[in-house]
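You will see chain A twice below: alongside chain B first, and alongside chain C after that.
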Partner chain A sequence: MRNLLGKSGPKIVILVTSVFFLLPLLAMTRFAFQNVGVFDLSWSKAFDKWTFDIVSKPFEDQYFTDSLYLSFKIAIGTAALTLGLLIPTAIWVHLRVPKARVLIEFMTVLPYVIPAIALVAGIVVIKPHARWFLNSDLSLIPFYTVLALPFTYRAIDSGLRALELRTLVDASRNLGAGWIRTMLKVIVPNLRSAIISATFLTVAVALGEFTIANVLLKRTFPPFINEYRMREPRAGYALAVLSLLFTIFIFGLLSVALRSPSAKSHQNSTKSREMS
Partner chain B sequence: MAWIGLVPFFAFLTLFLFIPAFSVFSEALRGANGKFTLDSLREGISGQNLEAFKFSIKFSAGAAFVGVVFGTLLAYAAVITKRPKWLRSLITSFSGVAANMGGLTLAFAFVSLLGRQGVLTKILAALGWDLYSGNFGLGEIPGLITVYSYFNIPLMVLVTIPAIDGLRTSWREACANLGGTTWTYWRRIGLPVLAPSIMGGFLLLFTNSFSAFATARVLTDNSKIVPLRIGFFLGGDLSVGEDSIGYSLAAWMIIVMAVCMWLYWILRRRAEKWQS
Partner chain C sequence: MTSISFRGIRKTFGSTVALEALDLDLRPGELVSLLGPSGCGKTTALRIAAGFEIPDTGIVSLGDNDITRTPAHRRNMGMVFQSYSLFPNLTVAQNVDFGLRNRKVEKATRNSRVGEMLELVQLGELGKRYPHQLSGGQQQRVALARALAVQPEVLLLDEPLSALDAKVRSTLRDEIRRIQSELKTTTLFVTHDQDEALAISDRIGVMSNGRLEQLGTPEDVYLRPASPFVARFVGSINELPNINGAGKILVRPEDVTISANEHELTMRGTITRVTFQGPVTIISVRIDMNDQLVNVHAASGSIHTQVGDRVSLAVTPGRGIVEAA
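For the complex of A and B:
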């Protein structure tokens, strides 16, 4: 029986989609780094005047470093809050209230139901009653934690599922470790890959979030780029290319970080299952 | 007693998700005199607001349809192409990045490709096809569908690959042994098994397109896009009473999202039946 697309069908599908996915990126890269008029499109000039000098331009802008610094602070805060809140909660659910698992899972996908633009509408409503909190730029941290919840909880939950959690905890407790020590010295090291992926996902969400910051007029990095490219189109687009490369770098790092240990731990877990 | 460990998590969600979401509804249901009224909710879906919802539903459904068709094709092509071996993991990793790439960077990339001064716009114009002679625009339906496909197709790839992997070779062999053709296999076995995943994917892409704010904000000022409309009401200087329409739009958006996610939840349960 033949497959649905015939012999060369799959190749054509892959080729056409790759063109679709590459063209916009190429166009943006060219616009940022080739210093020629938009109209100069002849082949003979396609490789002329490429320059990366433009990359240094944003540093002349004071808001560039400020907004980047703020975004990194928020990203670190979001990652810390996410891990500090979700790891204990997920462990507790697994050990004490497995009944609650479906409920918690349901709660963690609610940010899909209440998207960023609706969430920020709610924040605008409560703003007059919580100015002391919402006036701070760092008040974005808990909201970004909420937005990342669907990804992060799933990462940590599936990490815990792969462990023999009950056995680990019992062994550690029998050897005299308290709860905190059990968590930090036994469970967290075993959750390494889940923690890494949750962290990267949160950082990606926090660094790229535009909606809430834009409506609340917070000067994080994405609103800065958007405002900057109106003043300095080429430099603005260059920043966008760089931040895209940074995202790809983060995801690349993530897949490298996860590949080796998780492959190993998978082998270990199948081995231990065979032994038991 | 066991539920006590979940208190921090629920307290967090209450403060940063439930209270804002609840405030949207309470504000949408309150009249200028502070009393309960359905007036703003009614106004949220009449006149220009109704036009906005129609427009948004139309382009979101279109974007979801295109994403489902090409996403499924690409996922299928990735699964059946065995060589080169790295191709499949390249497609899935790229999809992981691109599915999360919504927002500024994506909008910038398409503006430099298909904007009024875009590279492709100019090339097509040189070939005698003036894109902007009609009512094409990145903020109109065909433009939005093109741009949103950039994150919708990869998202569809990510959600359908497991489903396509779940199609067992033995079913195919059984069908062939019973005299079925490729066509019978897909009509009687393949598509029915994939149907819940495909329909679930459609809903996911629909909500994804319907709620996207950042990408649309950069592409256009088109106030027929519901999230942009909400943004205008939240940020604008409006006369008293008018801002409740922003909350009413946000409330309707949450309702639309809730219905879609509820259906998605049901379909996913059904889809998982075949994926163990």
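For the complex of A and C:
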């Protein structure tokens, strides 16, 4: 009995979790793309009147492109700021003050603990003194950088832990490379997976964040979806489904991008060894 | 060929003294090993030579130049590390080329130097492989080729063999010696393995607690240890009571004479174990005077004894050192 549970236990967990996540998504998709009244969305009509015409509707809205463009701008800025700050900091902590790692880890987890609404309440308090900054749409970048920290720091940190960082740095310097060349030619290429993960995670946070943007009255993509959904419920949900598919696409790209040239050749060499 | 010298080097990490008054000169083309237990300061000395650490006091000179505060990337030194240090994102050839690129060497010269170095370490065919496609021994050979490609004034080897299995270790050890003799590169080799140090060094510096206990040829260090620490650390040692005075005599197993006649020599005892090891038989004797166990190396077949036999022992005249009580 215990053996049976041990074997099928993980499968049951995966099944229940999948149902938990997929059922609402399925309901949302049917609501958006089936031209059937809400009360008629029964299982018997699961394949009736599917239409994707509704997809084009949000694109006609004048704020769609603007909000999406703004969100992308903020996402790119957030990724740049995150990597620019995190990589040197994480390397410095690993090499020079390894004892501070616990403190830094604790600090990076804080955005998990402190809800975005608390952060935004603080921002509102300082708003009268920093209008010059907060009036700009790009002022969201530092806040999103902070929000993404729990994910991004961990990605970079685990990338560094997987390297023989001290030895690689010493070897590079011993071979005549200064700090900048060591960073660019030795550390960053070997942190490729970690950097790509951190970048995509940052972009996902920046493209999906609603609370701060909404309270600070920035018309990024999530507030646009929310507002549009109120005006056009079916098209709004269609847009939500599309943005979800886009995120899944991004993560698909991530997994492809993570297959570095050396990893590919590693796989090839393993395959050829297995074949021979 | 360049000399390197350490003068009055002291280095502390917090309250720990890693090096104390280190004076050491490496002559041009010489291979000197720093030998000692973990924490004795040997790696710190090497890292100071490489420029990764700055001494609190003292001077490091390369030839006539004071390089104590010269940054690591401006010293022309090659280093092979204990852990595998090849850049995982670069191929073998690109790894060897790395230092040459940093020195802005012309492409044609670089290519031929990379080829030469890979041939030197007998890995000419593997230039396009990535480090993870190589064995540990091959990786260390590439690391050696990479360190030598820049024609360093001093080669620094930080326990480069310790991560390898015994067979590869001994092959690569001989190869390091061959290449070093061929290129005549002044080399500082750090190890905790006495066999390694004895096998490949021109001179050995034995270190303990941040101090250089003895600097001498392998024969000096083994046959004429300057202190009880050196005697104990290099080779195996017996501690015998000093019949002529206070303290103990520290003596090598091969410097103890054994006789099957219980009354012939000065110390008597009982054989507790006989271990045949091919050319040598190790005979363990518990001596009556202080109930201590003494190992004697006898040429196999020279004496016929078995466990429980009574024998007598004596120290070969002129051998062993006295340790005061």
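Simple rule for what comes next: the second predicted complex is superposed on the first by the 229 of 276 C-alpha atoms of A that agree within 3 Å, B and C clash if a C-alpha of one lies under 4 Å from a C-alpha of the other, contacts with A are read in each partner's own complex, and residues count from 1 in each chain.
Criterion: contacts are C-beta pairs under 8 Å (C-beta built on N, C-alpha and C of every residue); 3 or more make two chains touch, one makes a residue touch a chain.
These numbers come from a predicted model, not from an experiment.
A.B. asks: Who does A:Asn174 touch here: chain B (first), chain C (second), both, or neither?
C.D. replies: A:Asn174: touches chain C, not chain B.
A.B. asks: Of the two partners chain B and chain C, which one touches more residues belonging to chain A?
C.D. replies: Ranking chain B and chain C by residues of chain A touched puts B first.
A.B. asks: Which residues, counting only chain A, touch chain B once they are in their complex?
C.D. replies: Against chain B, the touching part of chain A is residues 1-5, 9-11, 13-14, 17, 20-21, 23-25, 27-28, 30-31, 38-39, 41, 85-86, 88-89, 92-93, 96-97, 100, 104, 106-107, 109-126, 142-143, 145-146, 204, 208, 210-211, 214-215, 222, 225-226, 229, 236-237, 240-241, 243-244, 247-248, 251-252, 255.
A.B. asks: Which residues, counting only chain B, touch chain A once they are in their complex?
C.D. replies: 2-3, 5-6, 8-9, 12-13, 15-17, 19-24, 26-27, 70, 73-74, 76-78, 80-81, 87, 91, 93-94, 96-98, 100-101, 103-106, 108-110, 112-114, 117-120, 122-123, 126, 149-150, 153, 172, 175-176, 180-182, 185-186, 190, 207, 211, 213-214, 217-218, 227, 230-231, 234-235, 246-247, 250, 253-254, 257-258, 261, 265
A.B. asks: Can you list the residues on chain C that touch chain A in the complex?
C.D. replies: Answer in residue numbers: 50-52, 71-79, 81, 83-89, 98-99, 102-103, 130, 132-133, 143, 146-147, 150, 156.
A.B. asks: Under the touch definition given earlier, write down the residues of chain A that touch chain C in their complex.
C.D. replies: My answer: residues 163-164, 167-168, 170-178, 181, 185-186, 189-190, 192, 260, 262, 265-266, 269.
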